[in-house]
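Please find the structures below.
Shared chain: subunit A. Partners: subunit B in the first complex, subunit C in the second.
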Partner chain A sequence: MFLSVGVRFEANVEALNMVETAGNYSKHRRVPYLVEEDGRLKTVYVPALSGESLAHAYQEHLVREALGLGLPVCDDCRRDEFYKSMNKVHLKKKVNPIPDDPRDIEIAIVRSCVVEDVGGFLYAEKPPVRRSSAFQVSYALPVKSVALFATSEPQLHARHAQMDSSSKKGNASEQMIYYVETGTALYGFTFNLDLDAIGVSAITSEPILDEDEIKTRREAALRALFRMLSSAQFGAKLSRFFPVGGITEVAVAVTEHPFVVTSPIYDDYIARTERRLKVLEGLGENYLFAVATGEKVPEEALKEAMDYLREQGAF
Partner chain B sequence: MSEYEGIVKMLRFFVQMKNFGYVDRIGNALNPEPVEVTLHEALRAFRSVRESAPVDESGRRYVEKDGKKIPVPGIPTEEEIKAFLDDVRSDIGVAKRVATLALAYPSKNESGGDE
Partner chain C sequence: MVPLTFFLKVMMRPTGIVALRALPQSKMRTALRYVPPTTLIGAISYPLHHLSGNRAETVYDRKTVKSTADGIRNLFEWVTIKTIGKPRLYGALLKINKTHRGELQTAVTSFPFAVMYGSGDSTITAVYLVNGEELSKGPYTMKDLERAAWGITRLGSRESVVSVENVETGKAEISEASSAETSYAFPFKGFEVQGRGTLQSVVDWRSGIGDYSSAKRIVMFYPEDTVKVRGELRTATVGGETLVLAP
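Right after this comes the complex of A and B.
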């Protein structure tokens, strides 16, 4: 089973993805974007959130959900440090001595950590072992039709420090000014989850775990997505720049084989996704398409998808 | 390309700081907009870095990176920036050449700092 979610969220004055600081200026991630204006294409720079940032947040939620369901998570991942068994030092914590056969290495890693099972890993030693992530996530980008209204603007802040009498400036309150570039936009991103890849070897395509454990891991993967979207716990600087706004729309498609919803950066993404699914249905594939716009809240659409997956025996 | 010496030196400073973002974006630009935006960002960052950089005995600004003193060059002049952007508008190849020069070793011993 394959799940694909298109998410639209409104975020006003957010600092969800900062890229670098130069002196007292910290910059928001920005990407070039092609937009049409008066029949002509032009490049504009818009605020964005990287897929890496969203993936990190998802995996943090996955750690918690997996532990909540009594599933194994390795020590590195438990601390939200996703080294992913990248070298001998990290792999030895899972299996010692390290096996020679790549298949045995994969089995050892998948068995001992749900995050690396679902999120993939790259063991970059001899022999190298790679496992693709079972979930995929796009950058979050402003919705095309309103991209020209997206802004990234620096906000001035001040930090105060009490200077003692030994310092040059005397016993006065010293302030340090700094700028945080904030973004404001209606964003869209896509999240895909290949449930069939969980607990299954990327090398041999054979199951590594027994069916019950695979099902529980799938449940953890779904719950993590649910929690991430429902709690809006993704991105950086939430402590002082928690975005004002929230999820405005979600569209969830559950299919038997890989299918990705039309990107929510397009205004007609729901209608287009529906049409594409209808064609798939004509080819004999069952699906569920749950949409939350206006009336329905995002959680309702997500739950519908989870209920459907449970009925289908996915978990 | 010596007319864009100030821009080249500024970009080279970022390269020495192991910050390749600006030089890559300018060098890879396919149209003038990214060059303009990147130059704006680079100048903004450069001013911030420069203003907080300490001054050595000979009066030159520098930044320490991995134990090495990297001289901070002067800020490119308004005329140079304007000429460069105009030039880029008519030939995007100019941006690639400036970025390429910034990645090369300087031909003579550059003093950096405040010339």
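Right after this comes the complex of A and C.
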């Protein structure tokens, strides 16, 4: 089973993804956006969140949900340091001595860590062992039709320090100014989860775990997504720049094989996804499509998808 | 008699970012502007294998390690793309600070990718010409290939999510010509080209996918809009559009 979710969220005054710190100025991640003006193309830069940033947040939620269901998570991942058994030093903590056969290496990693089972890993030694992530996430970008209203503006802040009489400047209050660039936009992103990949070898296609554990891991993977969207716990600087707004729309498709909802950066994404799913039906495939706009809240659509997956025996 | 071959024409919408590493060994600093054929094969290989429950990504053949996509590349005579919208390469400089076991580590790096984001709707259309003989020898049918085409989820890295908006199937007419007009990428070899576009060196997928360190490369011309090509051409007509094939 395959799950694909399109998410739209409104974020006012957010600092969810900061890059390029220059001195006391920290810049928001931005991407170029081409617009036509008087027949000529010009570039404006709009705020964005990287897929890596969203993926990191998802995996943090996965750690908590997995532990809550009594599933194994390795020590590195428990600390939200996702090294993913990248070399001998990290792999040795899971299996020592390290086996020669790549199959045994994969088994050892998948057995001992849900995050690396679901989120993939790359053991970059000899032999290299690679497992693609079972989930995929796009960048979060401003919805196209209103992207020109998206802004990133520096906000001035000051940090104060009380100088005592022994300091050179005497008994004066000193301040240090700094700027944080805040973004404001209606964002859209896509999240996919391939439930059939969980607990199954990416080398032999054989299940590595028993069916019960695979089902519980799938449940953890779904709960983590639910939690991430419901709590709006993704991105950085949430402690002082928690975005004002929230999730405005979600569209969830559940299919037997891979299928991606049309990106919510396009205004017609729900209608298009629906039409495309009808084509799959014509090819003999069952699906569920749940949408939350207006009346329905995102949690209701996500729950519908979870219920459908449970009925289908996915977990 | 005009030779005919099945084709799949797959129209995709990017979610804004297409991250294609120029070298698979390097995660950083280089990116391709246009989607290379190897990526197109990899993109359809994943949903196709999904249909048969094949989860294998890597094949260990004694000392060589290959992608499983290599196993399906013979199913295709030719693959190419048309890109609407102009991808831009962009990579912010990133300063990474982190504490690891009490030690502060800092580094500056950049992560370039092609951005397909603008006021127009960018689309990527891939065409796969199917080798019917190879297809009949294997476990998959033309219907499986069609379903797989609908199931393409990404081009390149995991952030490059795409949605397939349309899949067209039919028979392509293969013929010879001295000139053609095309919007699809073609091998830049001994042809005269009139029009704008970008040259890009890519791995020749026909020589194998997976181990790129010694792979053969070909130079492809990625047209911006439509270009006129002259020379001793082999062409294919797919649903009213022309492709220029390898000589």
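Following the convention adopted for this analysis, the second predicted complex is superposed on the first by the 306 of 315 C-alpha atoms of A that agree within 3 Å, B and C clash if a C-alpha of one lies under 4 Å from a C-alpha of the other, contacts with A are read in each partner's own complex, and residues count from 1 in each chain.
FYI, contacts are C-beta pairs under 8 Å (C-beta built on N, C-alpha and C of every residue); 3 or more make two chains touch, one makes a residue touch a chain.
A quick note: this is a predicted structure, and the numbers were derived from the prediction, not measured.
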item: Subunit B versus subunit C as contact partner of A:G23, first or second or both or neither; value: first
item: Touched partner set for A:P32, first subunit B, second subunit C, both or neither; value: both
item: Partner chain(s) touched by A:N96 [first = subunit B, second = subunit C, both, neither]; value: neither
item: Which of subunit B and subunit C A:E52 touches, first, second, both or neither; value: second
item: Which partner, subunit B or subunit C, touches more subunit A residues; value: C
item: Which of subunit B and subunit C A:Q162 touches, first, second, both or neither; value: neither
item: Contacts of A:L141 with subunit B and subunit C, given as first, second, both or neither; value: second
item: Contacts of A:S239 with subunit B and subunit C, given as first, second, both or neither; value: neither
item: Shared contact residues on subunit A - subunit B and subunit C; value: 20, 27, 30, 32, 43
item: Complex interface listing, subunit B residues touching subunit A; value: 19, 21, 31, 33-34, 37, 41, 44-49, 51-52
item: Subunit A - residues contacting subunit B, complex; value: 20, 22-25, 27, 30, 32, 42-45
item: Residues of subunit A touching subunit C in the complex; value: 2, 4, 19-21, 27, 29-36, 41, 43, 48, 50-52, 55, 81, 102, 127-133, 136-139, 141, 144, 189-190, 192, 194, 196-197, 200-205, 257-263, 265-266, 272-273, 276, 279-280, 283, 285
item: For the subunit C and subunit A complex, residues of the former touching the latter; value: 13-17, 46-47, 50-51, 53-58, 60, 65, 86, 88, 90, 92-95, 100, 115, 117-121, 143, 146-147, 150-154, 158-165, 167
